[in-house]
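Here come two complexes built around subunit A, the first alongside subunit B, the second alongside subunit C.
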Partner chain A sequence: MSAYFAFAKSAVMTQLAYRNEVWANMFGKVVQVFARVAIWLAIYTGATSIEGITLQQMITYALLGGIVTGAIRYETIISMIGRALQTGDVAVWLLKPVSFPLYIIVSELGRAAYRLVVLVIPTVAVVALVYGMLPPASIFHGVMFLAYLALAYAIIALISTLFGLVSFWLLTSFSLEWLMQALLNLLSGQFIPFWFFPKTFGDIAAHLPFAWIVYYPAAVWLGRMDVAGTLIYFGIGCGWALLMAFGVAWLWRSASTRVIVQGG
Partner chain B sequence: MLRHLRLIPILLQMNLRAQMEYRGAFLIDRLAMIIAYASAFAVIWLLVARFDTLAGWNWGELALLYSFHTLAYAVGASFSFTQMRDLEEHVRLGTFDAMLTRPMSPWVYLVFARYNIGYISHISLALALMTWALLTIPIDWSIGWVAYFLASLLSAALVTASLMTMLGATALAWTRSNHLYSLYFGFWELSRYPLNLYPTIIQGILLTIVPLGFMAAVPVAVLVGKPVPLLGDIAPIAALLAGPALASLAVLFWRFATSRYQGAGG
Partner chain C sequence: MKTLVTTEYSEVEAVRDVSFDISAGEAVGYLGPNGAGKSTMIKMMTGILVPSAGELSILGRTPHQHRMANARDIGVVFGQRSQLWWDLPVRDSFDLHRRIYDIPAARYEGNLAQFSELLDLTPFLDRAVRQLSLGQRMRAEIVMALLHDPKILFLDEPTIGLDVVAKDAVRKFLARINRERGVTIILTTHDLQDIESICPRLIMVDQARLIFDGALKDLRASMGTRRRLTLEFASDPGPLDLQTARLSSDEGLLKHYQIEREDVSLVDVLAEIGRDRALKDIVLEEPNIEEVIRTFYQGRNTAAVTA
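Moving on, here comes the complex of A and B:
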């Protein structure tokens, strides 16, 4: 276990070496969040509430929407796996007494923790100062938001790893990064919450694992779900996470029996 | 100059063969990019399906905006993005020195030997969507309109290629450039939407310091007859001049950066 902690820590230290990039990244992020809020301001022109959602709630949703996807980079997880496959490094990992998928996950979570603190939270704070942001609906919802947030990081890391491992069969990880982006665009709720989706599409999306990455944490914060619903959907999310963890373990086992390292 | 023109087709052919080496992976990658771009567009569609218009733009007009943006970006980026993004690595590893010793312009070599045919996915998606949009929106077809459409598209592609080239060239002078791309793509996402969606300060930035407004929002507003914030009546001519003006600036900046180039040290 301490080995994995060390991996995560070393990932944070590497990030600290590139502080200039943080400023460029942060400025880019602030602009992006401003733009998303601007879209909602334009849509709400003349209306105080749409489908029972006030403008202030929608702005809060847009701000919370970037907390997970702004910190963790699914593309890094997928491309790290792809690169290890391409360079043959994966063979070296098979010799080490640590699990390769778990190493990929914890090092990205380390970087995500760093970005959350220095990039995402300040960005949200800056935009919140301009447009305002609602507090959690209640103490219960606030606490559950944190639990959902942890689950969201676990789910996005696991899905990305699943996608990355598929490159053992496709032999290209580039396409998997783009497919993952497409699924996140549509099914995580990161641009549009499901309550504005056409009903059937929204209902389907709300039960796929991507929903736990953006939609549920924000919906819980806003108190859109009652106590029972919050707990039940947390359970379903944990079920998805467990299923995907098994998926990763299984894919990794069958992938490692397929590895043929050329040359030597 | 003439020698360069003769070399370009040879470089392109060489590069095409290299990229076609893994045909299966190439095709899967193209398909994935089409799906990803289509999904970003589907998000806009979902918004309009629910709220009818976005900042006064209807579905057909937004489709034209998005396809114009994707097409101009793809054409411009095929001559610049991957080449310029990799320039930082060429500087770090010293492989840029090898380009300087070739008997041809390092820019011509870099751009054409690594011309990115992968953008065929953006181009096919954009053309399909654009055809649909042009048939949907009521347009006063005339030779002047078509000429303006093509000229502003070319100008928009030049805007993309010039900005990418300038970002990449900073690596020659200061050895690092890649963080600038994350900044670029932050604004790039904004430039897919109408300008009047944003507060004045962001509109101002998109028309001056980071002139990505000229990639689509300004020319398409002119084409569909919508007012352009801040620019007003000079918008039509500004959209045409933005590309050539930025390209001239990029040439000067590339020359300046190459003259400052000293290697990454070590």
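Moving on, here comes the complex of A and C:
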């Protein structure tokens, strides 16, 4: 176990070595979040609430939406796996008594924790100061939000790893990054919450694993779900995570028994 | 267009009819030209590649079926693929390695101290791997592969691209590790010198097949490898036929010979030429590995034809 903790720590140390990047990223992030809020300001012009959602709730949703996707880089996970396959570096990992997918996941989670602290939380705080942000609906919702947040990181990391492993067969990871981006934008609720989706489509999206990345954490914070619903959907989310963990283990196993080691 | 929807595979056999046993504590050189199937064999023995047929047992286990258990007992160094963390100092890479293999602290410190001294790593232990020269990196790679006290050390072309000094340091170190710690060494190389200084035993492959398994001196003897001799004269003595060496080309002042018999020494050749031929310079070349294998392979083909 100490190996995986060390991987996460060394990923953070590597980030520190490139800390000039932080300021450029911070600026980009702030602009992005302002833009997202500006869209909702424009949509709400002349209206106090749409479909029962107030502007304040919507701004809060937009701010919370960036907490997971702003900190973790799914594309890093996909391209790291893709690159390891393309360069043959995956061979090196097959020689070690550790799991390569788990190494990739904990390394990115380490970097995500770092970005969360130095990048995402400051950005959200700045925008919240300008436009205001609602507190969690209750203490219960606040606590559950944290649990959902942890689950969200696990789920996005697992989905990205699944996508990355598929490149074993496709021998390209670039197209998978695009696919992941498209699915994430639409199905996580990052751009538009499911409340504004057509009923059937919204219902389907609300039960796909992407929903746990943005939609559910924010919905819990805003108190859009009652106590029972909050707990039940947390259970369903854990089920998805477990299923995907098995998927990763299975894909990795079948991929590593048919490795094509490129470059001799 | 057809290739968009279908993929056509052509099968290439990289290893075929190759059988050998290696005992604990041996040092074996696995030799062959590019594309002979050396790396494929190393990758199968280390559990990276799954053989499509045949039997393979390392320390009593089938490597790819017990990859994790196998990994703890072996160390692997690839000359052309780094296992160190590019952005981290060498010491941090070693520390990650310690955690991956759960090496007890005392043993880790002991190994690190001893190996660092033998291979002179101390000056660059705190430098990031990306700042190291190839020779420094290679030394660090080898030390890392040994930190967890593997029973077998596999090296895939460990001296490739190194300068003479670094090659020498690596060879001396490996020979010592084999001798003093009893670590079994299996290394692939293009360089006959690697084998001469590290490995008493040589396994040679070409075109996926085993062509020789035995001691290096037996290889030379059994193949009748020719050493090349170049004589330079101050004035052209005309065509000069010798008993001890066969004239292969004549450029007047420069004459090229091949010495076909193992028992002929340079002294014999010089004695035959005598003092009165205005001999200016002599160069005696050992055949390089490509040549050794070519000679051997040609010999086998002609033997097959005449048999």
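Here, the second predicted complex is superposed on the first by the 261 of 264 C-alpha atoms of A that agree within 3 Å, B and C clash if a C-alpha of one lies under 4 Å from a C-alpha of the other, contacts with A are read in each partner's own complex, and residues count from 1 in each chain.
FYI, a residue touches a chain if its C-beta (ideal position, glycine included) is under 8 Å from a C-beta of that chain, and two chains touch if they have at least 3 such contacts.
Values in this document were obtained by computation on a predicted structure and should not be read as measured data.
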Tell me which partner A:T257 touches in the superposition: subunit B (first), subunit C (second), both or neither. second
Just checking: does A:T69 make contact with subunit B only, subunit C only, both, or neither of them? Give me first, second, both or neither. neither
Examine A:G28 and indicate which partner it touches, taking first as subunit B and second as subunit C; both and neither are also allowed. first
Per residue count on subunit A, the busier partner among subunit B and subunit C is B
Between subunit B (first) and subunit C (second), which does A:S10 come into contact with in this model arrangement: first, second, both, or neither? second
On the A-aligned overlay, A:T54 touches which partner chain: subunit B = first, subunit C = second, or both, or neither? neither
Name the contact category of A:V92: first (subunit B only), second (subunit C only), both, or neither. second
Does any part of subunit A touch subunit B in one structure and subunit C in the other, and if so which residues? none
Listed in rising order, subunit C residues that touch subunit A in their complex are 39, 43, 46-50, 64, 67-69, 71-72, 74, 76, 78, 80-81, 83, 85, 87-88, 92, 95-96, 99-102
Parts of subunit B lying in touch with subunit A, wherever the complex brings them together: 22, 24-25, 28-29, 31-33, 35-36, 38-40, 42-43, 46-47, 49-51, 54-55, 176, 178-180, 182-187, 189-190, 193, 197-199, 202, 205
Spell out the residues on subunit A that touch subunit C in their complex, using ranges where they run on. 2-3, 5-7, 10, 13-14, 17, 88-89, 91-92, 94-98, 256-259, 261, 263-264
Touching residues on subunit A, where the partner in the complex is subunit B: 18, 20-21, 24-25, 27-29, 31-32, 34-35, 38-39, 42-43, 170-172, 174-179, 181-183, 185-186, 191-192, 196-198
